[in-house]
Amino acid sequence: MDTTTVTFTLNGTTTALAVSPLTTLRTALRENLHLSATKAGCSQGGCGSCTVLVDGEPTLSCLLPLALIEGQEVTTLEGLSTRGGLHPLQEAFYDRFAAQCGYCTPGMIMAAKALLDRNAQPTREEIREALVGNLCRCTGYLPILEAVEDAARRLSQ
Amino acid sequence: MKQLGIVGQSVKRRDGLGHVTGQTQYVDDVFYPGMLWLRMVRSPVARGAIRRIDTARAEALPGVVAIVSAGDVPNNWYTILGLIGVGPPDEPVLAHEEVMYQGEPICAVVAETEDIANEATSLVKLDIEELEPVLDVEYALNAEAPVIKKWGSNTFIYDGMNHRRLRFGDVDAALKQADFVVDGTYRLSPIEHVPLETHCCVVKPEPDGRLTVHTNTQALYFSMDNTAIILQCPSNQLRFLGGTVGGGFGGKVDVITEPVTCIAALKTRRPVKWRWTRREEFQNSSTRAGVKMEYRDGVMRDGRIIARKVRSLQDAGAYHRHSPYGAQKHMANVGGPYSIPNVWADVYCVYTNRQPSSAMRGFGVMEASFAIEVQMEKIARTIGMDSWELRMINAYRNGQMRPVRKVVEDAALVETLQAAAELAGHELPAHLRAMHSNDTGEQTGNHAYGGGGSRL
Amino acid sequence: MTRVRGRGIASVNYPTGMNLGGDPTQALIFCQPTGSFTVKLSSTDLGQGLKTVIGQIAAETLGVPLEGVIIDTGDTDSAPHCMGTFASRATHRVGNAVIMAAEEAKRALLEVAADEMEAAPQDLVVENGEVHVKGSPDRKLSVLDVALAAHFKYGRTISGRGIFLKPKGGVDPETGACDPDSTEAHATAVAEVEVDTETGEVTVLRLFGAYEVGRQVNPAMVEGQIVGGAVMGMGHALMETVFPYYPAQDHHTSSFGEYIVPTAMDAPQIETVVLEYPSSNGPYGVKGVGEMTANSPVPAIVNAIYDAVGVWVTDLPVTPEKVLRALEDKDRALSGS
Amino acid sequence: MTVTTLFTPRSADEAVDLMRRHGSDLVVLAGGTIMMPMINDGALFPRQVMSLRRAGLDGLHTANDHVEIGATANLARVAEVNALPPLAEAARTVGGPALRTMATIGGNLFAHPPHGDLGAPLLALDAEVQLAGGRVLALEDFYAERASGSRAGTELVTALRVPRPQGQSVYLKCGRRQGNTTSVIAVAVQVMIGSDGTCSDARIALGAAASHPMRARRAEEQLRGRLPDGEICAAAAEEAMAECEPFTDAIASDWYRRKMIGVYVRRALEATLSIHVGQ
């Protein structure tokens, strides 16, 4: 089978990977690199559990062939706590019981990070809109909204 | 209530740090070198007779390693509650003679990659003679409907009867005495559990012949024992690993991935992963049952509910799964949290040609609660009584007898009504605020609380 | 005015545990030489937090800090049988089994400590990871020292076995008489909705829930169940089905574009209160809260819709289309009369 | 066998050349949000796939009287085109933020109803479709050509040219939940009011109301030359209900869609009038 080699920056590290042509970013992360925080919730772009940042933009990694991000910068949940400590979003999700089964959590945190990166003090309505593409079946969302508000406060301190 | 130490404290989740860092390992996060992928070929029709399954083109596709068909299944019966005597067995692991619902598993393709497995399933040619499906529960009970179950009925048979029944007091006499009779028909369409993690199983054959089975089942031993029965092997040949699940809600109590994945691993002698697609979750995994419930309540002018008569049809879909139990649980709960002296129910577990229903968060009870509580509102509106008061005077008290002949204990329904009213800013009158769940009427002189079955 | 508000209430009971073929769960506990206790289970955490609450129950019973308890679950090779996580049974069944195992382990611990301290076992208590003589907090020994002594001096095990069984109960086929549960939890929900009478769209504005679930092991996680269940119940009430034209199979849903679940934008304001009336047979009075929380909002919402616009829509899910048809039927009936 | 080649042309010309060489065997991705789910689901097994992500078609130029939007401009960017309020609003209500960084305006023209929310506001704004090779056609004609199976379906869309609204414009979407919702229906209107207070022109476009986004021309006729008021808005809504050709799917029945066309067309027109009165 044909393979194609793709070079990109992954959580700050230059990474080169040979994959089959249409291998998605999500599959490459999970199966080639064994970075399994990024989840396969639907493979249809409908649940948000595969959300990562590509050049800072929230992106559904299940729909994006890796070959298309040549030279771009990818951030996954694993890239948030690389310096040892937790990111304020992670702390807030932990402290406020914003994760139950935990399966939506990586995508949810990445979608929230994309929001806070461009809007440090979002309103609750803005948080709801930013997370509308990320489904959660356990929490009823309210603890997640509180956690993002809490993280915004922590980041501003 | 005695104050305790750590019990009662909102300590953080043990798995919380794993969740927020993405390090919690779910089944789909298990990878083995050389792992194969499994995909399922499913019935395109709701009911039909299988004439021929042609897998030649699929097998010829480069990267396809094996096909698993009914002939590969040592004991091709999948009846999960068979462990506790529910039967007769009615569901094949892989269909070979007939299909009973659209999406029923027929054969599995095992391939080097998920993409290849996907494509191979599209190359399996099925020749199925389509038969008239039964889709509606009322029609299924109709004498003209095709009989779709081998035992000659479209219902589960409970102790020789085609329904579960509840008989408490004399309902027909009480309905005659009632000042008002309130009827309601309630329906519920099948609902999917929608855990964010789809069904997933990874099986690795070990050098000693055992199988290591990673699964997101809600019940490890239950799944292991069922799998052993299907594999016809002692369960000590299996090691089930799990315990961390990305949402279940009752949807992961069916033993729906492990047996076939095990057979595929045994056949190929390689690790195999079967991860369901979201489409399969919606269209093939079991649902909450569709239900039709007919309620008739007899009520006195003062608000006492003196009789309830229920006919309920639970749509099990094509096979048992957990539905015979769900229907029974429904029967046991038609009285709700109220003291009703005369209750009569016939609950049917009905088979249709749709994806099986099974357990889901509160099944049997949730549906009854829906019907009961809308009935309560209808009753309140019919007799012109405040709906808080109606519930509080009928709420069962500790020491009273429920229709299943179990005495109420440790109950505090009245107190939840009082607390909910306060929370929602609804002021209850003093006589309702004074009620409590240990008051069976003698102290307050309230007439509503006789013993079960003895009021008339 | 096309938007009308209404309020509805609903009360529910919910049974803990199943009772079909007997309902057992086991736990094993052993003490490591370092004084840590390992709880061996085969039970499953679906996200509701079983691993956490079982750790709390074990620590409470043993008298050791939470950090000193390891919950090891999910391997049939290394842990005894559990029926599984369903029927709101896990905290009740597993908790009871763990208490039984922890009490046995604690007895073994105290016997060793008694020998070490030259005291009678019944005069000893374990608190905060230390064994001391009742009334003499200074006469004490750490659990670590007791564990070391047990392993290396006395050659004794500090371990415990626990099981909880709800025995199999039949159903009388003629009357339905049965023992269908171990205990019952209760709740009352209040829903406030707004109905658009031109479109039939229903918006849930607020949900209130008063829950009576026995003792709470972890109040934050109980609240998590209530809030999460409320939103799931809202989905059941208004949005969800895989067969939009049930019993017809047409338009069987295949994606999140077709199967509609609540999102972060739909979650209403939710307020809860929990009343603790302990059960007689649950661990420390626990009942169960896993399943019931999705139940009570459903009829409360249906009743609130009636309160708002005077139509009963009793066919779930209550889609805007069903509400609009009911409103049109009502209008026709009124204009016809 | 799975996908053997993923082409990433660097220009429209290169893309057109690939399309010519591979014909209907080539699956084209703009943002991938339509085709990738089908491929992932195993509903489609293409050998050759072409992505337009690097084809340089994502330009966005705002001129005095129009905005030119490259075919692969994503919906997150379209949502910020303040010069075109109904289009921006439609883009803003598709999916969630991550989907919007991927889905493109050009791809949206190829979405099967009830998807393709941008069609209605683009029709209401009188957008033109620019095809590789220089052909330009009105969006309405583009849909008609695609439906008839003729040329437009096989040509490469390079950009959309969208005139700035001349009058008051409004976009309303009816969904089954508050956000990230598939359309039950969508309505976009543009109403021009002359100096005498009468409606000089009106464009009413409907999404998810037929096999592709459509103009409600008979409804528009109700407005032209008249002093619009509530009654006329209602009459236009009635016409729109009569001329739409809705379908039944998992989201809504044709009956409900038609009802909502009536309600939402009326509401959209009333909203344009109140904007007008408000000024």
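Labels for the chains are A, B, C and D, by order of writing; each one numbers its residues from 1.
As a convention for this text, a residue touches a chain if its C-beta (ideal position, glycine included) is under 8 Å from a C-beta of that chain, and two chains touch if they have at least 3 such contacts.
A quick note: this is a predicted structure, and the numbers were derived from the prediction, not measured.
Greatest centre-to-centre distance from chain C is found for D, with centres as Cα means. When the C-beta pairs in contact are tallied for B-D and for A-D, the bigger tally goes to A-D.
Distance from the chain B centre to the chain D centre is 42 Å, each centre being the mean of its Cα atoms. Averaging C-alpha coordinates per chain places the centre of chain A 29 Å away from that of chain D. For this pair, chain A with chain B, the centres built from the Cα atoms lie 33 Å apart. Each chain gets one centre point, the mean of its Cα atoms, and the points for chain B and chain C are 17 Å apart. Touching two or more other chains at once are residues 2-3, 37, 40-41, 178-180 of chain D.
Shown for chain C are the residues that touch two or more other chains, namely 46-47, 49, 220-221, 229, 232, 244, 252-253, 255-259, 261-265.
For chain A, residues that reach two or more other chains under the stated contact definition are 20, 22, 42-44, 46-47, 97, 100-103, 128-129, 131-138. If the chains shown are joined wherever they touch, the resulting network links each chain directly to all the rest. Interface of chain A with chain B (complex): residues 20, 22, 30-31, 34, 36-44, 46-47, 49, 76-78, 80-81, 86, 89-91, 93-95, 97, 99-106, 109, 135-138. The part of chain C that touches chain D in the complex is made up of residues 198-199, 203, 239, 244-245, 250-253, 255, 257-260, 262-266, 319-321, 324. Remark: chain B residues 10, 12-13, 15-26, 28-29, 31, 113, 115, 193-198, 245-249, 275, 277-279 touch chain A in the complex. Taken together, the chain A residues at the contact with chain D in this complex read 1-2, 4, 20-22, 24, 43-46, 48, 51, 54, 57-60, 62-65, 67-68, 111, 114-115, 128-134. Taken in their complex, chain A has these residues touching chain C: 42, 44, 46-47, 97, 100-103, 127-129, 131-145.
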